[in-house]
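Following this message is one structure expressed as structure tokens.
Residue numbering begins at 1 within each chain, and the chains themselves are lettered A, B, C and D in the order written.
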Amino acid sequence: MAELTYRDAVARGIAQEMTRDPDVVFLGEDVAKAGGVFKATVGLYEQFGPLRVRDTPISEQAILGAAMGAAMTGLKPIAEIMFSDFIAVCFDYIANEFPKSRYMSNGQTKCPLVVRTGNGAGSRFGAQHSQSVENWCMMIPGLKVVAPSSPVDVIGLLAAAVRDPDPVIFFEHKSLYATKGEVPDGEIVDRLGTAKILRPGKDATIIALALMVPRALEAADILHREHGIDAEVVDVRSLVPLDTQTILNSVGRTHRLFTVEENPRLCGWGAEIVSIVADEAFYDLDGPPVRITTPHIPLPANDFLEDMVLPTVNRIVETVKRSLGS
Amino acid sequence: MAELTYRDAVARGIAQEMTRDPDVVFLGEDVAKAGGVFKATVGLYEQFGPLRVRDTPISEQAILGAAMGAAMTGLKPIAEIMFSDFIAVCFDYIANEFPKSRYMSNGQTKCPLVVRTGNGAGSRFGAQHSQSVENWCMMIPGLKVVAPSSPVDVIGLLAAAVRDPDPVIFFEHKSLYATKGEVPDGEIVDRLGTAKILRPGKDATIIALALMVPRALEAADILHREHGIDAEVVDVRSLVPLDTQTILNSVGRTHRLFTVEENPRLCGWGAEIVSIVADEAFYDLDGPPVRITTPHIPLPANDFLEDMVLPTVNRIVETVKRSLGS
Amino acid sequence: MKPSKQSTAAGLNDDIGEAKRLALYRSQVRLRDAEQRAFDLFLQNLVKGTSHLSLGQEAIAAGFAEAMEKGDLSFCTYRGHAHTLARGVSVEKVLGELMQRDNGLMRGKGGSMHLTSEEHGVMGCYAIIGAHLPIACGAAWRAQYKGHKDVSVAFFGDGTTNIGAFHEALNFAAVWKLPVVFVCENNLYMEYTPIGDVTAVPQPAADRASAYGLERILIDGNDADIVYRTAQKAFAKARAGEGPSLIECLTYRHSGHSRADPAKYRPEGELEKWKEHDPVKLYRERLKQFGVKEDVIAKIESDIRREVDEATEACKAAPLPPAEILTTDVYADGGWAWRN
Amino acid sequence: MKPSKQSTAAGLNDDIGEAKRLALYRSQVRLRDAEQRAFDLFLQNLVKGTSHLSLGQEAIAAGFAEAMEKGDLSFCTYRGHAHTLARGVSVEKVLGELMQRDNGLMRGKGGSMHLTSEEHGVMGCYAIIGAHLPIACGAAWRAQYKGHKDVSVAFFGDGTTNIGAFHEALNFAAVWKLPVVFVCENNLYMEYTPIGDVTAVPQPAADRASAYGLERILIDGNDADIVYRTAQKAFAKARAGEGPSLIECLTYRHSGHSRADPAKYRPEGELEKWKEHDPVKLYRERLKQFGVKEDVIAKIESDIRREVDEATEACKAAPLPPAEILTTDVYADGGWAWRN
């Protein structure tokens, strides 16, 4: 057991898998010699050498296309897209190539790869470097989509993603890189498609992802301490596959649903979860399901504006409190 | 008043606006001399000449980028992306450039352009040429998103889109091109952000878009005739701005909500509407809101498989009937 | 790899050899007949969806495929019937897919634009312009990394040279010295627009080779011998670890861009001119020059005719795919479950 | 447009003229001092978010801006402070934006990577590599269509030549003969990776000009006179309707890629070597060669110092933007309503 940053967990997770399987290779911009712009892959180049850890040109389409071709023919590539906003320049691979090739070929084509990318706000980088774009991927049939909130989940879910035979888009939150957590020694392998109840509760279910998880937990503490509301906090972790059972069971116990989404509102993952719960657990609900999201606007650069725009602990507390009529 | 195809309505709408305003220009692949691969722009080159109607290389990024630069500096470009699936190769402009420039520049940068694109299934073109991708755009703050279901709406909403000072993504449904409708003579200008109740009803609200609209209408007829269920059919027409008032009012009267979406399920526009209604009209609902969507899979090429996968009249009828317990 | 030099009846220097030459002819006739049949079936309303024929371009598919070894990989476009057949996939499986029957290569799930037969090295046909060029780089990267000797070949059209992915792939392949060969089939048109109207250089691929530090290679794509020799050279270079090649083959499609296209945009006489340089006709004459007897040629032609006829009947008799396959093979577990 | 030839004290042939030459120096000193100040403010924790300095690259921004006329349009990258200042935007507005204050160019909404001042012809700084090249084409298309005489100029780095949008824009501009000038500032590195490691040709832009039918132009980007003359030529060509130019300027950034980067990846001595070829230093000597007196130079320098000092104080004193602007200007109606 050791304390590790989320950032270092990325490198440890990749190293664990590269050590295990010589077919795991890693490519991206400035990821090798420089160790990545977020310093999340420091040491891999030294440990695994220039054939397995490779710097690329600024050619995101080539990066993802090459990852796909390698995956189709026997490697297990991990590709880095530096900021998740840049998925927009290589979206054809995400939307049209990775997820459809197996289906179109009637099962012939395999695509076991992982795209890691720095997601989310908090660094005051402005509208083109701060987005939460997990819904860009969740909406595409054939992908798997993961977003860990803690160092141990980074390692375990990254390992699961690398071992998974399908294309997995792996969202690391930039504002979590510096956060720390306890991580057991030895190999860590988690399971995709499993949500985690991080705080059991009986009055409301709060579903959160990535950076919103610590905020939801803090909000739950305040709700409990100051308002006597006992909220259950679920870290959804994996958007696809989605652990609907954990969510539906939780709502079955608490009878109220809140989602905390960093993405701008329209068509966020919370909408999908609300639509599932509203359909399948309508009679379990004692009141309206409520989404707490970033408003549907581009992100401002200014620090205090950026802090205002994302769901805050306070906004979560106030929303749940008000909705529960306390 | 004349009968016009949806296809011809496109050319008429563009011609109406190009006649009105010399700053309206039109570009895309094979759109000029050849009149477009769907023959939706036949005659424009002859009418408006090679400076206003321009064939481009196969360079979707250049097409949208050029449209943006022209829009920023005084033109009102209409750009064609042949199949909406190809938005994936120029998604940076859709996701990061068009919708954010005004905001980031504190209001300095304007972007009055229209992207027209052929959307949707039914032509047996397979997984990369048949998608309904309106949610790829709906989820991006700063865009407007429109999808007409009839010839008259094509003209009116296209005119509104061209006159709108913001970037509008205009989804034409490939399987509607051959359909016909009555169209009044003279100038037609509609309003973005307005849904239309095409069939009033009191027992359930069915919300549909584009190709799903005629299916919803037919289903409503059957529901009425054969099952005594009086469904209201709303053509949402404009996803952004979204006419939530019409939707909420309708649900306020019918107490039941159904969405009919051609897009694959996850994060579709129906999820957003359900989440709004579930939050704001929870106590109006007499039963679970239900989404009828294409399952979350890539699209098959085979005709009978493709016909199975999209929401059918029968699936709408059965779903509504079962949900209403009749 | 070295072509054996043989002397022929006509005394011509035959670096290719009769066996290979007959194979090249056989392949071209097969592609021609199978696609002609696809066109007939389309007229009978038996081909669903779209389809993009390579009639007139057969020498490229045949020449490259004959130069490939087992294990070499083809990455094609929506215009991929010819390349798929040339790698040895049966006519039945290709026509079956065009007719979207259960006997089709992908049982009708992919359709004519996405033919894939990994056992034959056909790693897919891609319908988004340019997408497969980087993908071919990835397959080549695998070969390089694993020390395999196979070559990845990406086929694409003239119009494809203007999309961003082309540029990224070419640079990437050159920098990483990948064993990949990029083959531009310049048939003078994108869909309906002449390539010259939308391209800054006269030869869309060849005139750009230097931008990637590559040799300028521009060949007659209707002469299967020239194609074959050029392919051999590029493959040898790739296998020797000397990196990628970019080859522009001049050719012409006899039919429209796709089944919907009557190709009215062509200047008068253009098609006729190119039909005089028809690769199949040209190669038939070549065989004769090399002393191949008419009955040998006729036998090849009738064998092919029989294969295509039998395939046609088999496809007409084949059932539709079962409804269950609608939701299979989205994920590697065989299913489509996105939730529990 | 024709530069007036003047004779100077040193008898040198002065095609640029003293007034312009002083302006070029003034501009370079201003960019240098303003960015040096930005760096100091960052060390004082007053600059938020990221920032990308052009220290060492000033001759390019100054040379092009001095050759531009009012109405010409600049499209820049995240490394855009210098270009923005060079078009005449005040130091206060730029530093204010870096400090994300209410007096900033976009009141802190855009941040350092997105400086925009349309009234000065600064049509935005773009933070997605390559995105603005096609956008500049569009602005040039408008000029062509409307018969305006302005030129659109896109500035970008060496690393940007490897992304697809570069290729699409260059081809598009050449085919449509657009009045656009593409300026590659080759500072030898993308972020931390040497450009040579990831590029198939030695000169990432110049060696690709021929792929778009364009002339190969490779210049010393640290000599403002050379930059100025090259810009003038390219602008004249564009205004004459003769189409685009691609210009590669050799230069070097003195600091790291962004504020987070100590630039440890550089080989020893590289920075020192380039500092000897510092554009500001070089140009100061040039002025002296042309007989400009030390006190004239010193006056320019102290004027700039004052502007930067005053701007700094104004920014420090400036308030934060009001919370209301969070939701303004998403749409043209000034608001953000996506629903009724």
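A few points about this structure:
FYI, a residue touches a chain if its C-beta (ideal position, glycine included) is under 8 Å from a C-beta of that chain, and two chains touch if they have at least 3 such contacts.
Given the structure is predicted, the values throughout are model-derived calculations rather than measurements.
Interface comparison, B-C against A-C: more C-beta pairs in contact at A-C.
Ranked by distance of CA centroids from chain D, the top chain is C.
Chain centres here are Cα means. That of chain A falls 37 Å from that of chain D. Chain A and chain C have Cα centroids separated by 41 Å. Centroids built from CA atoms put chain D at 46 Å from chain C. Each of residues 56-57, 59-61, 85, 88-89, 92, 96, 103-104, 126-128, 141-142, 240, 266, 296-298, 300-301 in chain B touches at least two other chains. Counting only residues that touch two or more partner chains, chain C has 107, 109-111, 114, 126, 128, 131, 162-165, 168, 171, 175, 197-199, 325, 330, 336, 338. Taken in their complex, chain A has these residues touching chain D: 29-30, 33-34, 37, 55-61, 85-86, 88-89, 123-129, 266, 295-298, 300-305, 308-309.
Interface residues of chain B facing chain D in the complex, by the touch rule stated above, are 25, 51-52, 54, 56-57, 59-75, 77, 92-93, 96-97, 101-110, 112, 141-142, 144, 164-166, 193, 240-245, 276. Chain contact summary for the complex, chain A toward chain B: residues 85, 88-89, 91-92, 94-96, 99-100, 103-104, 126-128, 133, 135-136, 138-142, 240, 263-272, 274-275, 278-280, 282-283, 285, 287-291, 296-298, 300-301. Interface of chain C with chain A (complex): residues 73, 75, 105-107, 109-111, 114, 116-118, 123-124, 126, 128, 131-143, 145-146, 152, 164-165, 168-169, 171-172, 175-176, 325, 328-334, 336-340.
By the touch rule above, chain D contacts chain C in their complex via residues 162-168, 170-171, 174-175, 197-201, 207-208, 210-214.
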